[in-house]
Amino acid sequence: MKKIALANMNALYEAIAKDMNLYVPIDNKASVNYAEWKQGDTPVFDKMTVRSAKDAFFPQCENMSTFSRDDDNRIIIDKIKLTEKDFVVMGIRACDVKAVAVLDKVFLSEPVDTFYKARRDHSILVSLSCSRPEETCFCSTFGIDPAEPKGDVAMYIVGDYAYFNACTDKGEKFLNGVSGLLENANDTDVDAAKAATREIMTKLPLHDVTTDGWGAGVLEEMFNRPEWEELSSSCIGCGTCTYVCPTCQCYDIRDYNGSNGVTRYRCWDSCMKSDFTMMAHGNNRTTQLQRFRQRFMHKLVYSPTNNDGEFSCVGCGRCVAKCPVSMNIVKVIKTMGGKK
Amino acid sequence: MQGLEKKIKDRAIELLESGKVDGIIGWEKGQFIYDPTPAVFTKETGLDNFCYNNFCGANLSKYLVGKITSDKKYAVLLKPCDTYSMNQLITEHRVNRDNIYIIGVGCEGHLDVEKIKRNGISGITGVSVDGENVNVGTIYGESTIAKSDVLLGKCEVCRGNAHKISDELIGEELQTPEASDRFEMVNKLEAMTAEERFAFWKGELSRCIRCNACRNACPACTCRVCVFDNGRSGIDSKANASEFEEQMFHIIRAFHVSARCTDCGECSRVCPENIPLHLLNRKYVKDINEFYGEYQAGEEADQRNPLVNFGDKDIDPTVISDKEGN
Amino acid sequence: MQEVKEFKPNIVAFCCNWCSYAGADLAGSSRLSYPADVKIIRVPCSGRVNPMFILKAFEKGADGVIICGCHPGDCHYNTGNFYARRRMTLLYSMLDYMGIEKGRTRVEWVSAAEGAKFSNVMNKFCGDIKELGECVKLGDIRCKD
């Protein structure tokens, strides 16, 4: 384990940003979001970001190719260059680290998503051990330990120091690259802080949420439950929950007709929206109930069915905090889950 | 507030039992104190989970738009500011007045949990209002903040405790918070240079994630299919693929509700990125007041709004184009 | 020395079929000149112009947008331009509020008999836009060269 005094963190950011892009949570006075670190920025590590770290690998909008015509009126197809520069995302909490694993499963299994893969290959995840879980957190429901995040390097902020522990070879290499700034530390230095976090977790209002009743193979039981109607009647059909979610992965591919050619891009889609999975024959989900059900069935039933019981919710609590009408996954889990 | 909650609950049960209404649209308890969910209560569901506390800021009038074809009768709980939206919906025939029973509920200003959290408070387990102060209990200890600092944006410019439309009132004697000048920030922006204004809006709108919460929560946005969702409109989009799309969406969103916007503040309340969207709507309100005379959408039902009206001496758009200075 | 390329503005003019469009015709047949940078789009009435049309023109690379309609009171449909007048006042005021140069948008009333006015209006507007230069604050980057 290595450590650096918090007062010297700026030197560390500088060293990283010299030949890599560094993304950290930045408070812009209205909300906290990941942004590229620039000289003078002070990252905030004690607040949850509005958007998750998913943006770094799977941005809301990205160009895939462009089509234009040359002087002889032939169509030219330009592929967009894949990410080539290494980047570091610092301050990802355990829940978001788990979310990246969920996304990996989707995007890195055949057929591999080259855009995503390029970003993953060039990324270094510096995770952060939680010290102040919020009331909306329920990661323990999904077996995540917020005190012991994974990623390439795990970071712990305790007292006046930031401690780092490499979890992968990539992380080891990264720490070696900045070793001049780090001092040696004992693994036990952060134990008290970890224990404190775990203690807090048991006191959180949502600590007793369980996924009983949900999981692989319960499609038949859950799909036609009458509760969906009541739950979905509050939903206003905005995409907030899906866009702040670290595991939501649906996207749409669209063409933009500019004056000089066509840009093909992909952007996040949301099952909450009326034109989600719109096809030539029309839309197969025509009511908000169906769309609402899709979101939770995907996370709590379809995903575990197809991925060895792995839920695609990590309990980060973003949708709980941000839903304009407070109709969230915890409510759904509690209403329909439990032992019958 | 708790006394009022009990009163509303008792009355609601009475209305349901007597068969006067088939459902009550109100607020349901959430996981925490600060997250009540709009919900429909019926005889079957009962009112055990009903709540009315300091976090019931949501405007429930929009939930009636989806009930227009229903032959059931619904009672809806509206705070004074929500009744403006109701009048506007009645004016536009977006709700069926005959099937609505409006219960005007008293209000003493609602709180914004985002603002509480912005004060560095996390792990909230309880919130209680004590006069001018708000006591917040958290798993990390207690803190006290001034109520005026954590009021919802819309409550800072409250228009008073008068219900503009109602069939009965409960707790109407509650005192609403004192209002500040609602055009203060608009004036401030107008006094900036064009470059400063551009930078301001660029900074704000660049955070937009296009979740459409502002649109979907807005009681004036009632199109069956929004132009931004309509694949044949030529401007539909699911994300802001460029800066222009941010500007386009927000200018058009605000323009489409101009003169119909009651300034209820839902757009800013629901924005997950805390973009002050009401400042766009409020600019239209201010311009309309200045150019075409004072007008308050939803003041009463069946008003003719200034954008579906005209006068032969209206000011000319060149006044804007040729304006001096910034 | 670097050659300074003359800025050729892109100007979109929405012209009402019953007045300004005929006014443009009259300007032409009277051999009055107006800049070739102006692209006229004929609309049935100035009241037909949706605010979205104006933004869309900017999106695709317009540097200025002008709407020409019948003089207030002379609308072929009696009231179309009255509504247009209110809408455009509000929209232009909003664009100004968002920091877009206010000179880039304009409304002018030009009747079918005013060929000379049409030519003057366009020459003036084109000159103004040339002074303002390329529109960089409003427009889609994907439509730029």
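Residue numbering begins at 1 within each chain, and the chains themselves are lettered A, B and C in the order written.
Basically, a contact is a pair of C-beta atoms (placed from the backbone, for glycine too) under 8 Å apart; a residue touches a chain by one contact, two chains touch by 3 or more.
What you see is a predicted model, and the numbers here were worked out from it, not measured in a lab.
A.B. asks: Which chain's mean C-alpha position is nearest the mean C-alpha position of the whole protein set?
C.D. replies: Smallest offset from the overall C-alpha mean is found for B.
A.B. asks: Centre to centre, using CA atoms, which chain is the farthest one from chain A?
C.D. replies: C
A.B. asks: Measuring centre to centre with CA averages, how many angstrom lie between chain A and chain C?
C.D. replies: The answer is 46 Å.
A.B. asks: Let me have the rounded angstrom distance from the C-alpha centre of chain B over to the C-alpha centre of chain C, please.
C.D. replies: 36
A.B. asks: Which whole number of Å gives the spacing of the CA centres of chain A and chain B?
C.D. replies: About 30 Å separates the centre of chain A from that of chain B.
A.B. asks: At least two other chains touched by the same residue of chain B: list those residues.
C.D. replies: Chain B, residues with two or more chain partners: 241.
A.B. asks: Hey, what residues on chain A touch two or more of the other chains?
C.D. replies: 256
A.B. asks: For chain C, give me the residues that contact two or more of the other chains.
C.D. replies: 140, 142
A.B. asks: Can you tell me which positions in chain C touch chain B when the two form their complex?
C.D. replies: Residues 51-52, 55-56, 58-59, 72-73, 79, 82-83, 85-103, 105-108, 137-142 of chain C touch chain B in their complex.
A.B. asks: Spell out the residues on chain B that touch chain C in their complex, using ranges where they run on.
C.D. replies: 189-190, 194-202, 227, 234-235, 241-245, 247-248, 251-252, 254-255, 258, 280, 283-284, 287-288, 291-292, 306-312, 314-321, 323
A.B. asks: Contact residues on chain A for chain C in the complex?
C.D. replies: 256, 258-260, 263
A.B. asks: Once bound in the complex, which stretches of chain C touch chain A?
C.D. replies: Residues of chain C touching chain A: 60-61, 140, 142-145.
A.B. asks: So in the complex, the part of chain B that touches chain A is made up of which residues?
C.D. replies: 28, 30-32, 35-40, 45, 58, 62, 122-125, 138-140, 203-204, 207, 209-213, 215-217, 225, 229, 231, 236-241, 269-270, 272-275
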